[in-house]
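Consider the two complexes below, in which subunit A is the common component and subunit B and subunit C are the respective partners.
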Partner chain A sequence: MAAGRDLDSYGAPGWLQAAPFALVFAAFFVLPLVFVVIVSFWDYNDYQMLPTFTTRSYVESFDGCLTDLPNLCTMFKTYVSTAKFCFIVWALTLVIGFTVAYFLAFYVRSATAQMTLFLVCTIPFWTSNVIRMISWIPLLGRNGLVNQLLVGAHVVDAPVEWLLYSPFSVALAFVHLFTFFMVAPIFNSMMRIDRRLMEAAYDAGASGWQMLTNVIIPLCKPGLAIGSIFVVTIVMGDFITFDEMGGEQIASAGKVIETRLGALQFPPAAANAVILLGATMLIIAVLNRIVDIRKEL
Partner chain B sequence: MAQPANLELVRVSKRYGATLAVDAIDLRVPADGYCCLLGPSGCGKTSTLRMIAGHEAVSEGDILIGDANVTDLPPAKRGTAMMFQSYALFPHLSCVDNVAFSLKMRGVDRAKRRAQAMEFLELVAMEPFAERVPAQLSGGQQQRVALARALITHPQILLLDEPLSALDPFLRVRMRGELRRLQRRLGIPFVHVTHGQDEALALADLVVVMNKGKIEQAGSPLEVFEKPATEFVARFLGGHNVVETPAGLIAVRADRVSVVAEASNAARLAAVVASVEYQGASYQVGLEAPGARDLSAVVGDAAFTKTPLAIGDRVGLAWLDADIHPLSPAP
Partner chain C sequence: MNEGRSFAFYALAAFFGLYVLFLYGPMIVIFILSFQGPTGGLTFPLVGVSLHWFYRLWEGNGIVDIAGAFKRSLELGLVVMVVTVVLSLMAGLAFRKRFFGANLLFYVTIASLIVPSIVTSLGIALEFRMLDDFLKAHAPDWIADNLTTTMGMFTSGLGAHLTWTLPFGLLVMFAIFNRFDSRYEEAARDLGATPWQTLRYVVLPIVMPSVIGVGLFGFTLSWDEIARSSQAMGEHNTLPMELQALTTTVTTPDIYALGTSTTAVSFAVIAVALGAIAILRKRQARHGSDAGQA
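The block that comes next holds the complex of A and B.
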């Protein structure tokens, strides 16, 4: 541990050791981000970007947002809709992820079985996101397996329409794709809980539920927060899942950027990226208030 | 406070698969006794304690506390409280919330349980640290908080799993004095697991020496040290020489062995000096002889100065008939 010493006091070797990652970080994260912010303040016309300072992209993005109140402008509507998906997916992945991690960490006794099952959870990642999404279509489609089953069993008279290309299918695909991002950090937190703490709680008369709420959940907070950040940031910025599973009918913050990029309107795309970044950081700041992640790591 | 109660183990065994960790032990701890379970690691002492606490299922036999058979009861229903090795304090809770934990589990409201927890923190002189979390406390302070947390349930019996092993030697001696005083004051039995014989001899009313899942000897510290029942007890307690004689194995205390000239008439055993350790008031002389291992003699500093011994010296060992203690085979 450097315990209060700064990099300077290590001299040249310290700087050298920090340099490779600092360069990668600067070249592939800081620099592009700076460009995005700069471009978001440029002007544009039908065929090119004009490098003059203007807030046009922002003004147009928020067009009518103040004057139309209390009605929501397009931008606010899109963000409310995205945030709604974000919340639903977050809540579902949190509950499912926590349950899976709990099972792995506390019910599976042998370490080998634990690791094997954990690796089994990663198998879906051997194929691409898009393929995993598309694999839902034969299942959920109008003449898909689920509808055939429902009609065949006379549960419904006509095929259910809202199974595919609907908010339901979008949320379903998100949960399917991203629950593992909850499982991994929560499982990691749970494995670090000293088992004697659970015995001590049991000794003090805690029931299973009290053990969960008084010991396990408080000690899993870092994992819960990190998993939440993964899921929230992914859903906030996603557009492929919204497209594939929503039948290109559902607006999302990511989709706005994609549309602008498709029209080669880089300044408004950049402005929207900056807005999305701000919104996502706001959510993370709120999460960080609940759990001080830096302290807990 | 709850009524202090006897603890009785009746032919209690513990099996892990094919291994027998605890082999049909019988033990009775009186209601005001301080009992130390003493033995090397793997002797079954911790398994025994955990069975008494209810954290380990009993394979066979019964555990009685007072008049109640608690063999199948959960820990919180037994009237026992356990202080865990390295304390197992909840890292996310302050001291006062740690101590109040069991009251919270019982649904006592916040103000009341915190007030009661403060009383128990006072008992262990930790009330100035009430709002700190365990990571901000030293080992000794954590131990006191763990003690308060165990006592707040008004247990009939307090169980301590190697309570002093996480402390430095100086603090260990001080804390063991405090444990003993606390036990007297509360008047309930303490069952204390340790692998340190000095700790057991200093603290206990009843020393239970265990080996390979069996009780080798149970008795007062005086009995156990003066009259070790078996070779294992004599060797484990230290300060004893085990010598094979035609009449069987005997134990002679190291401080009762005198080092004499090899040719002396008094010499019962010929030996070679293997090590000499200065201990302040005396010298600890390690010796080697055929048919006996790990021999030692304590030689007073005056006697040593008069006839100094060096490694490699051939000497004779003598002792009085009254100091011979015959040993029985292991149970």
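The block that comes next holds the complex of A and C.
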């Protein structure tokens, strides 16, 4: 962004140009988060929120978490389950995203072909997630294509039930929807690698595998970290994919909030939102130790 | 290391092909099934080919007001697109200079991408509830008496969508201005152009293709948004919210017809945007001076 200091005094001042943008985030992001924190400490009854300070929502949310040990309370169980999905989806999107980006960046030779293929990966990102989720129904349902094939080929006697509305379909949908969030930053990092470094490694006798592990992967760390942050935080806060693909049977950190909102219990919903925010920030703090994100954009 | 196509190339190309099949395959299946005959069901086989489910969908047929939701989402998407383009462009220009709070604003913008959508949506809902309470209690009677709620598609809803589209807009602007050669501006200034003329006749024409890209993000992200909309739309639902509600109740191919229709809109917008970008690039290549090029 450093375009020369003489720009500073040229045209409208920067703060003025940025003001409308900043106001939107102040009004619709920062202030709302403040309200979430405030309301999480409010009381409530069946009809409304009561603006008196109490830790009731937090106490209720963590109900039994200490007394029931070593058994896990509902809150911990939900977070362990959500974390499991995070890890599985993260590992799969990382491997698939890296491989796709690696192919695009280093094996597609013409720049036009590269951009076209990258665009092919991007287009689904601009279409509806719900439609991309329901599009698995005719494939994975009890009478879906996969079961028709399996039964037809006598691999199984009766249709397989766990293909849809199961942890499997939830993980599959996440990978289907969000691998792009890995591909884009990793591809970006790879395109910035100075090709002379790779030539040097090649001239020094590095094998393809050594090139990958000693040159490319270390230099892709920023892309890997940014992609990981996106994927992990999306899964942490998701409720729609869990709803649509999990048959409303699988608990998740995001769904807890939605359930409370469905019952119009705003303070407990806000308390759960604060807990989710805390968990998300913890993950980002860890990933941010690996790489300075700002520097890499 | 790139002499000849190696085994690795073919293995990776096959992997890429499978990934693309994985991306597009299921979508193609529901496009096909949306043309299911009148007696067909949610899965294969196709029982004839017809537009039956599209007609049923657009007649309304008892299931929610699809045409109304379609129109609402289109209006909201267009407003979000325009606001996203204008604000991102201005902020993109601002970030080329130093200004007070630039770092903070950058981190807040990125945080908006990362904070779970349901949390942002909940916060906006709470904010507008409190605004309602405040206005009912303290505003002059002629406002307070007529007020039902300040929440709505173009107040809280618009704000919710902007917290999602603007970060993408700003990132695209960063990508442009990182590569922008500021000598063009210096030249314009040396020739006596005012800051506005420089922007209008030098900067904007150069960055126009990417600005269209920002518009593309603005519209499509809004058109398909659910999580942030969920608590913030007020009385009416957007199209994707209706669609999501339908998935739990509808068991006929209506829903595929709806999916095909909304995806058609997305694809049309993508095609128009990419076409416009390609045309602009070509014009730039044709009209551009070759001065300074080797």
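Convention: the second predicted complex is superposed on the first by the 275 of 297 C-alpha atoms of A that agree within 3 Å, B and C clash if a C-alpha of one lies under 4 Å from a C-alpha of the other, contacts with A are read in each partner's own complex, and residues count from 1 in each chain.
The definition used in the following text is that a residue touches a chain if its C-beta (ideal position, glycine included) is under 8 Å from a C-beta of that chain, and two chains touch if they have at least 3 such contacts.
Small disclaimer: the values here were computed from a predicted structure and weren't measured.
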Should the pairing of subunit B and subunit C on subunit A count as a clash or a fit in the superposition?
-> fit
Please indicate which partner A:Tyr202 is in contact with in the superposed arrangement: first for subunit B, second for subunit C, both, or neither.
-> both
Determine, under the contact definition given at the top, whether A:Phe87 touches first (subunit B), second (subunit C), both, or neither.
-> neither
May I ask you to decide whether A:Gly237 touches subunit B, subunit C, both, or neither, giving the answer as first, second, both or neither?
-> second
Kindly classify A:Ala18 by the partners it touches after superposition: subunit B alone (first), subunit C alone (second), both, or neither?
-> second
Could you look at A:Ala27 and tell me whether it touches subunit B, subunit C, both or neither (first, second, both, neither)?
-> second
Just subunit B (first), just subunit C (second), both, or neither: which does A:Asn214 touch?
-> first
Please indicate which partner A:Trp162 is in contact with in the superposed arrangement: first for subunit B, second for subunit C, both, or neither.
-> neither
Determine, under the contact definition given at the top, whether A:Ile257 touches first (subunit B), second (subunit C), both, or neither.
-> second
Does the superposition put A:Asp194 against subunit B (first), subunit C (second), both, or neither?
-> first
Who contacts more of subunit A, subunit B or subunit C?
-> C
Enter the shortest inter-chain Cα distance between subunit B and subunit C once the structures share a common frame, rounded to whole Å.
-> 7
Please write out, lowest number first, the residues of subunit A touched by both subunit B and subunit C across the two complexes.
-> 199, 202
So, in the complex, the side of subunit A touching subunit B is made of residues 194, 196-197, 199-207, 210, 214-215, 218-219
In their shared complex, subunit A is touched by residues of subunit B numbered 53-55, 74-76, 81-82, 84-86, 88-92, 101-102, 104-106, 149, 153
Where on subunit A does subunit C make contact in their complex?
-> 1, 3-8, 10-18, 20-22, 24-25, 27-36, 39, 96, 99-100, 102-104, 107, 109, 117, 119-121, 123-124, 126-132, 134-139, 141, 143-145, 148, 176, 179, 198-199, 202, 208, 211, 229-230, 233, 236-240, 244, 254, 257-258, 261, 266, 269-270, 273, 276-277, 280, 284, 293-294, 297
Per the touch rule above, subunit C residues touching subunit A in the complex are 1-2, 8-9, 12-13, 15-16, 19-20, 22-27, 29-30, 33, 41-44, 86-88, 90-91, 93-103, 105-120, 122-124, 126-127, 129-130, 156, 159-160, 162-163, 166, 170-171, 174, 177-178, 180, 182, 185-186, 189, 195-196, 198-199, 216-217, 220-221, 223-224, 226-227, 230-231, 240, 243-244, 247, 255-256, 259, 262-263, 266-267, 269-270, 274
